[in-house]
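Two complexes follow with chain A in common, the first pairing it with chain B and the second with chain C.
Let's look at the complex of A and B:
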């Protein structure tokens, strides 16, 4: 195939891939009078009214804030608990290590969809339905194995001498973890933060089950509900979609390399 | 410190503190529900009342004779097959083309991978709008003289499952492309040189050099896509909820309806166990292939 032909075909594919997003952005900025124009026609006069409407009246500001809180807490706590557990798995000697490894391996095989019914009951048992904490615990539990293995694979690369030297200097395990091991695992920290934030931001199923009160809802549930009640509000739905997509698209564009590496590594989820 | 850091007790305490947070959350909210779903599946629990009685294999017997379950089972396989064909086939072709391109490569890769980060809920909203009877898909078809193919995609019993599979593939193919690209970078450049010297054209080089070298990676993408598509819930629920009638019902949506909406926890859990078994088997195969590759 000629090189220019190859470039042309790929260019067409690339445009086709982004076009659903571009059409959505177009629609979200169109005054209602311009909706008679075909979807691929860019808006003639830009309007922000749909964004304002969705943000204030449809409650998306609340949903956005809720989603941001849950995703951020998820990402931060995941980094801490997964790296601590991975540290123990790699640097500490104890009986039952193999059993624990297998236990974490099982976590890679559990599909969230299959266990949501009992998961809901357990969260309810703790009185955490309609509390962000319930969603956070569920999110963490269902992805922690992946990140324990991700951190482990970085920790294994830490030279044993470095670890032993710190030990001889009288450092405690926690100091070694903080000062010696974690700085080396920075790429794993970044990947964990990005992936866990993304998964948390995007999930619908758990939030649909666990958050039924409107003021607790996240963007995914908010958008679903908005779609159910305002089926024909094309401009409102488009701006809602864009609001939900902007933060993760921005993160992706900034950290593309990390994302790509992380998605390849964390692909099992 | 009142404890000698070298002492056994200090070590025990450390171990405990390092493992406790992750392990507690993991066992309570992941392992325990996994055991529970199996336990529920042997009961007639409604999810609310304090009582539940053991009914043995009754829920599983019901599964075998439940026509809707088998329809959902079949749909899940068809849905996965369509996605595998697109994500593995087209994903490989796109990756192979990307690897050979010398201009604007990052830009094009970005465009192709970008949909991966879009939430399934947003994907559902976007495609639901594009698939409307008067939506952009039908408008384009009419514009290029293929108006005969225009159909209300998500309302059509014949088209709905395929239409949703395409939407899902749009938002996941970037992952296959990325994995294939990583695999392609590991292919020995000398092989292409040799093929070129032997007079092979680009297609023959792809057929006889690229494809054999990528066989392990292809297996990985295959199983990965399979497990991913079996787990899907969000996009189907947010577009058709399994409809019209049952034409896009998949295992996860059927389980959600029976279990969460109709409070048939026992029966819903039996469907969940079916899902669990299929996905676990596929994942075990996946991990086997990957560990073979690492060696």
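Let's look at the complex of A and C:
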């Protein structure tokens, strides 16, 4: 009985989660003439015209490329800096380690919205407004604390003897990091890559603030173009949303196993 | 190859000193075992020789070089860990060749040296396996192989047999002894198991509470312990310590008699006691005997005996083998 109740509750939650996605996919494939039909009605005749329009005329090909570049660089650089910082925090002894740990902790506590204005001023000070590099720096700075703690919790589980054995074998600290510790931290690497890529891919606030020129925009900002004060391009919005969602869904499906392992790493030894 | 000298070596964590003025000279090619109870500092001492722990005071000399400030890789040593410490993502061959690959040796040379070590340790069929696919004994052999491949000046082994079952432990013990005879390299071995120490060592260093209690050959330590602690630690079952009238009768504060140095017989010079437990091991029989004024004693008799719990026995200590200790636990000269 309990099992059936659980399945029922989970089923309801799943339907609530998936239904907006289904609605969006249905709408994106409907010819304009079918928009008068009830929204939950599946498209009678499939059309790709909205996708073509969004991709070419609405500039989504450029937005897609911009988003891909920023998110990929974000994810790759985040893996490198967060894992290096976590390695130092876990395996090395140095002056000011505790202070650094506290600073990282403070970094976790400050919401982005609270520091939007000073952040904008800093990025402008570096002349990086309307440059992808400006957004990348801001993304990395705002999220690095979380990933340092995530890598740290994973590295703490690496047996100390493994580190000692590598030192005896003649490895430098960097060789231990690259050849011994990182290869066994695959779940943490995959989780960092996916989460940072996802956050970067979906972020609207920083992109709206720091990328004002159209040719620099990303997909999340591009979606706003379909929504005016008085009107809304529902098919454009739907197909744009699907375009934006496909890479993230594909990545999650591909790396799901590693991702779940990474999320639980450090929780149970 | 090289010897190791420890000169007034000490180690402190903050204000707490865990090793005090250790002086020890290990000859080139010697097999030395550090033995002592948990927390006595033996592993810390080994890690200081390896360069994994900083030296607080004194010097570590490897060969004729002062090694205090050298990194582990500059010391030309190899170490085998209790937990094997194999790299889980690498194959057996990659694990064994890792140190050579760090030295940028050619692939051919690495493959040749790994094969030589693998053949010596009967690991040939497992070279492409990952550590997770090996048994405990095979993993320990890989860890030893990883050390051999480097052909180091000094081998350091930190309780390498502790994670193995009894049968495998005695088998690997023999293999390590044979390896030492074949390679004739200086080996420093840490264990809390005095049987390992007795069977493998050229010399044993007994540590207690951060101090060296005694250094000597296994038979030296067995026959001539320089303290009650060493007398009790070396030998299995452990030595009986008797106080009171039996000790006073031989002008000692404490009388030490090893279980195998009791005979059973009758006469005025025997101690009467009641058997409380009998352990039959086949090749010998161990009796636990309660003797009034002496306490619970352990007696080891050669061969098989018919004694039962509750039997009254008469014990005769073999006077030529007894040990006499004064108030401070030091032996009294004969």
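Rule of thumb we're sticking to: the second predicted complex is superposed on the first by the 235 of 269 C-alpha atoms of A that agree within 3 Å, B and C clash if a C-alpha of one lies under 4 Å from a C-alpha of the other, contacts with A are read in each partner's own complex, and residues count from 1 in each chain.
Assume a residue touches a chain if its C-beta (ideal position, glycine included) is under 8 Å from a C-beta of that chain, and two chains touch if they have at least 3 such contacts.
In this text, all values refer to a predicted model and were calculated from it rather than measured experimentally.
Residue contacts after overlaying the shared chain place A:180 against chain C, while chain B stays out of touching range.
By the touch criterion defined above, A:144 reaches chain B but does not reach chain C.
Comparing chain B with chain C, the partner in contact with more residues of chain A is B.
Once chain A of one complex is fitted onto chain A of the other, the partner contacts of A:216 are absent, as it touches neither chain B nor chain C. Legend: residue contacts after superposition of the two complexes on their common chain; A:54 is shown touching neither chain B nor chain C. Of the two partner chains placed around the shared chain by superposition, chain C is the only one that A:169 touches, whereas chain B remains out of contact. Chain A uses residues 170 to touch chain B in one structure and chain C in the other. Chain contact summary for the complex, chain A toward chain B: residues 1, 3, 6-7, 9-11, 13-15, 17-18, 20-21, 23-24, 27, 38-40, 80-82, 84-85, 87-88, 92, 94, 100, 103-123, 137-138, 140-142, 144-145, 148, 170, 172-174, 177, 198, 201-205, 208-209, 219-220, 223-224, 227, 234, 237-238, 240-241, 244-245, 248-249, 251-253, 256, 259-260, 263-264, 267-268.
Interface residues of chain C facing chain A in the complex, by the touch rule stated above, are 47, 50-52, 71-73, 77-79, 81-83, 85-89, 98-99, 102-103, 146, 150. Across the interface of their complex, chain C is touched by residues 159, 161-162, 164-171, 175, 179-180, 183-184 of chain A. Every residue of chain B that touches chain A in the complex is listed here, in rising order: 1, 5, 11, 14-15, 17-19, 21-23, 25-26, 28-34, 36-37, 40, 47, 94, 97-98, 100-104, 107-108, 110-122, 124-130, 135-136, 139, 170, 174-175, 178-179, 182, 202-203, 224, 227, 230-234, 237-238, 251-252, 255-256, 259-260, 265, 268-269, 272-273, 275-276, 279-280, 283-284, 286-287.
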